[in-house]
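Report on the structure given below.
Chain nomenclature is as follows: A, B, C, D, E and F, assigned in order of appearance, with residue numbering initiated at 1 for each chain independently.
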Amino acid sequence: MTWQRPDGRSLTAIRPVTFERFFTKFSPGSVLVKCGDTQILCTVSFEDEVPTFVGSQQGWLKAEYRFLPGATPRRQEREREKISGRTAEIQRLIGRSLRSVVDFEQLGSRTIRIDADVLQADGGTRTAAITGGYVALQDAVDWLQAKGLIEGSPLIAQVAAISVGIVQGSVVADLCYLEDSQADVDLNVVMTATGQFVEVQGTAEKQTFSPEQLQDMLNVAHQGIQQLITLQQQARLD
Amino acid sequence: MTWQRPDGRSLTAIRPVTFERFFTKFSPGSVLVKCGDTQILCTVSFEDEVPTFVGSQQGWLKAEYRFLPGATPRRQEREREKISGRTAEIQRLIGRSLRSVVDFEQLGSRTIRIDADVLQADGGTRTAAITGGYVALQDAVDWLQAKGLIEGSPLIAQVAAISVGIVQGSVVADLCYLEDSQADVDLNVVMTATGQFVEVQGTAEKQTFSPEQLQDMLNVAHQGIQQLITLQQQARLD
Amino acid sequence: MTWQRPDGRSLTAIRPVTFERFFTKFSPGSVLVKCGDTQILCTVSFEDEVPTFVGSQQGWLKAEYRFLPGATPRRQEREREKISGRTAEIQRLIGRSLRSVVDFEQLGSRTIRIDADVLQADGGTRTAAITGGYVALQDAVDWLQAKGLIEGSPLIAQVAAISVGIVQGSVVADLCYLEDSQADVDLNVVMTATGQFVEVQGTAEKQTFSPEQLQDMLNVAHQGIQQLITLQQQARLD
Amino acid sequence: MTWQRPDGRSLTAIRPVTFERFFTKFSPGSVLVKCGDTQILCTVSFEDEVPTFVGSQQGWLKAEYRFLPGATPRRQEREREKISGRTAEIQRLIGRSLRSVVDFEQLGSRTIRIDADVLQADGGTRTAAITGGYVALQDAVDWLQAKGLIEGSPLIAQVAAISVGIVQGSVVADLCYLEDSQADVDLNVVMTATGQFVEVQGTAEKQTFSPEQLQDMLNVAHQGIQQLITLQQQARLD
Amino acid sequence: MTWQRPDGRSLTAIRPVTFERFFTKFSPGSVLVKCGDTQILCTVSFEDEVPTFVGSQQGWLKAEYRFLPGATPRRQEREREKISGRTAEIQRLIGRSLRSVVDFEQLGSRTIRIDADVLQADGGTRTAAITGGYVALQDAVDWLQAKGLIEGSPLIAQVAAISVGIVQGSVVADLCYLEDSQADVDLNVVMTATGQFVEVQGTAEKQTFSPEQLQDMLNVAHQGIQQLITLQQQARLD
Amino acid sequence: MTWQRPDGRSLTAIRPVTFERFFTKFSPGSVLVKCGDTQILCTVSFEDEVPTFVGSQQGWLKAEYRFLPGATPRRQEREREKISGRTAEIQRLIGRSLRSVVDFEQLGSRTIRIDADVLQADGGTRTAAITGGYVALQDAVDWLQAKGLIEGSPLIAQVAAISVGIVQGSVVADLCYLEDSQADVDLNVVMTATGQFVEVQGTAEKQTFSPEQLQDMLNVAHQGIQQLITLQQQARLD
């Protein structure tokens, strides 16, 4: 096949990923995650209140996701009166994904707030926010334990996320913006370190897709997730 | 296995589905779709303008989804200043799903508006809105052709949607509200009459799920979709 | 006089009126009222809280009124951030009219919510919402009594509403949309079964009107109301 | 009968009314109208644009109505995101009433803006705004003619408004706040100098009312309007 | 120098200033302040609640500032969903300035609300609002003492405000709108009767300014403030 | 005097300041400015449209200022429907200050957008945003020239800003958050490289201040500005 990825990667290779922990100093968890040219600041805070529907015996986790105005070549207006449907959908995905790995009884009656602010956007921002947000969450939980506010860790699994897609007939991993805008199919996968699915969101952007193509994409996603899981673990050793 | 579905259905059976076409008379497409106790009024309108990003040579399709206040046992407040994230996510899904079967060059420079107003909600509203919305869309396209506003049909595929899930360890089709609130995993599938995927959205509500479980759910969804496709075709004969 | 009404009715005849009770199943009162081609779903709910100004010893009633997007030949945008002045005025009229027949001490400390959602609009929607809303209110009060939540009925009178107008010099009853848009004067009357006024709202749309014309319109309205009162009573026997 | 009005007036007497014309200097029409302790600043402006539905050949008139925060003993919060239903209803009434006396073809393609800002509120603000607004409108039309922007006057009738009601069984004219809060029935009447109705809005606040009571109230309103019409004419002579 | 001020004043002279106390009767403090053609209604109210950050042992003061629509030759749209940055900045200045002269422990746990509604705008509205607001505040405090709600006065200093600027190279006091729109530099000064600064806000509108120019402007401001302080005291003797 | 600054600085010393230019890659100007623990990302964008009031022959500059949620020890809610008065006031100051050094005819018909996003807040954010924003502005102007979109530079002066205050009786430069919260007086000064004032904003936070104290603060501010001007120049050499 003659099609070349813009940065010369093989079809199933992921971009370089780094996690700068403790990027800012006032949040208990603060990670600048970079996936290629995508850069997201993930900060974690705790609040003593929980939403009413949660009850008083356990905790909750809420995520917010936003672009800084300078994150893209064309300036993004800030979302104010109402956030876009796209933003709502993404921050719900981030919230559900990270909630799936927290034992809220163990957490106790407090709310974890995850803020994912995109400083630079080059595709895969929602999945990078989950992957980086998990590392910030670990640091924030450490802080909670160091303060003596909880005993055991409420984290019950390790989680990472990746986007895969079909571009010009091929299954491709970790699409940059240019690839994403040409993709026929877009699939975001959130998975634990043990290979269990948390979320699978596949969308026919330009073409519908067959059961076989779905299977191929899931396999490529699984490989990428495994690499991200390892990189998350290495970042914690720094 | 001893678990019984509330209405006595087999695990993979769908609920009774009916389509009341021409339910109201001022919209070119107006279908009251019922899936068990879920009832949604789907109306289709045309507007002569298209969003700027579409350009002037082709059309577009936008969906809105709302609950009437009396649709649930506890009254729903109308969503006003900002719609909820859930509503935003659902109407984006409906819009993407129905856009996937429209040839927008064939449609010409006009916007299709799909309104899905839930009169009664008992689970599966987003998938019923897609399945019923497609029938309303066909009637509206007929109207456009009868008026001589377009020549050939811009519809390039037939589409339907279903929810499946895992309840107490079993894969279950077309969940009612009571089942949905107990499900460990929730999967919405949108598929064409030829078995191609348009959307796959799987979420670990209470438990993560394995690749095998995902495969089982996709198979059950495929069977249900085939039945819905047949029912849509029969409704058009009335 | 040579002027003919679009549907051939005599000048003072009202349109066919039907009430489909229990149209949806989750609301204690749910009536689909049809006045000619005007169709409105009236649902009633109860809430345990009352507004602060009401105090803790008695109840209250609030109404909301909206068009579904497909209710008119040209799609209606949903009203979101702020409802239009017209909508505010109408839902205040519906609320005041139905409050006038409720004994709020007898009701006890709860709020009745009336939702009037216009599925199809062909003139007279505000008056149909009151006439149909009253029937839904009766069913909801029955439900409250059947549940043992109140003893006697808090309904102290029966109420119905009609629009009359002056079209081409003649007094006309129950105007459809086409007539309404040509009317010189528009008068909405809300009246009890015993012939007492609840609301009288007359507006010079194109021409001012004399005291004699006002009296003629009030007489025609009175006759129409009496017929509606009888139809409401018959609907309760079904 | 032993009931006494707070200020000793006879039941059908109106309060002292004054019109301070040219109260501010930057508006072409600016009148401070006082009806007893009710004080409203009515200013008129012109804009070169008209709403789309009006077309390009004629003009339009829009009214806004607001309380200043200090207008009542208990401070009023300013209405911001959305005005209350009451405010919407009132400013629609003011707009309709004053539109009824303007020939919009004669006015030409411009919009008249009427602002009624209540400096002090003691009952009857909506009717005082109409009565005072008409005087400001006359001054503004004079200004338009003096500037040579129109030839003949677009004003085709003189209009004034009054509130009447039933308090303790008696028909009472021009209610102050204290009387208004005790009234069983409230009726606002807008009428021209020739005795034609523009608006009739009667509401059963605490008691429904009979056709005879309605007639009595209309008669009292007619007398009051005639006095207001004369006072408007005298103010123009100053 | 040949430049002449529009009204013939000397460069450092202020405009005629008057205070109409008790302008409306429902507010404990109500002053119509006029500085030349600038006219502002300042009303003061008290509320029993204080913001959370204040705590329960002392009081607070909040200011609001608005234009009436007819205050300027071109009609001002009311600010609704969001006030403009200019309005926010001005009402913060008014609030800070008047808070600086209140002993909030002496005031007790209540909030003073100052509303400055500009009836007519000809430059210097923010400073006139402070100067007039102080007089209204004194009357309101008298009312509080007359009611026996507080013992000693919580007012610890007398405060007034003035704008100065540089126009065509000269330092000018109390600019009217026409001068303000030509000024190179604009400086607002808020000062106590004893010559202490409360606020100094200087802005290079068209030209930056030197330390010497700043000193000249501060001196002219000081003289003007002293005259305003005297006029405030005389108004209290009426 | 025994009072010690938290970081041991002398009273008039500024904190360490660094400018990381080209911090993100999609904006023509992108500087991460650090003043002690205050960290602000300043990005500059260009838009082809200008506000209507500017006319078609020249350009404009607009600033936005926001906190990221994790910028402070206690999480900041994002400002959505309406920004706070404080934020409005600050972004107006940033905009005016940077507009004062741009020749808008030379810039041509385009709008410069400055976004100052506070990643970490420890006092002096508004002045750091101006000082850092100017460096980003220089880089963005270079980009415009390199692209051949303008010929000469539209920058007519170099500008920087500093906060000074009075803490425990002493004049102190460049206050950190802890000092700022204790200050009796707060003064923000914006000045050019040639010692001309652009903005002077002094506020009595807890105590009023004398003309002599104002003069002392202005002198200390002048010294600090000169150091910042030098640091800006050095950053451009990197």
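Simple rule for what comes next: contacts are C-beta pairs under 8 Å (C-beta built on N, C-alpha and C of every residue); 3 or more make two chains touch, one makes a residue touch a chain.
From a predicted model like this one, the values you see are computed outputs, not experimental measurements.
Enquirer: If you average the CA atoms of chain E and of chain F, how far apart do the two points sit, in angstrom?
Expert: 28
Enquirer: Approximately how many whole Å separate the CA-defined centres of chain C and chain F?
Expert: Averaging C-alpha atoms per chain gives centres 60 Å apart.
Enquirer: Hey, how far is the Cα centre of chain A from the one of chain E, in Å?
Expert: Here the centre of chain E sits 52 Å away from the centre of chain A.
Enquirer: So which bits of chain A are touching at least two other chains?
Expert: Residues 81 of chain A touch two or more partner chains.
Enquirer: Assign the assembly's chain-to-chain touch graph to one of these shapes: line, ring, star, complete, other.
Expert: Shape = ring; chains linked end to end, path closes on itself.
Enquirer: Put in order round the ring, from chain E and then through chain F, what are the chains?
Expert: Putting chain E first and chain F second, the full ring order comes out as E, F, A, B, C, D.
Enquirer: Using the touch rule from the top, collect the residues of chain A that touch chain F in their complex.
Expert: Residues of chain A touching chain F: 24-27, 30, 37, 39, 41, 43-45, 47, 64, 66, 68-75, 78-81, 113, 115, 117, 119-121.
Enquirer: Looking at the complex, which residues from chain F come into contact with chain E?
Expert: 81-83, 85-86, 88-89, 91-92, 96, 100, 157, 187, 192, 195-204, 208-211, 214, 218, 222
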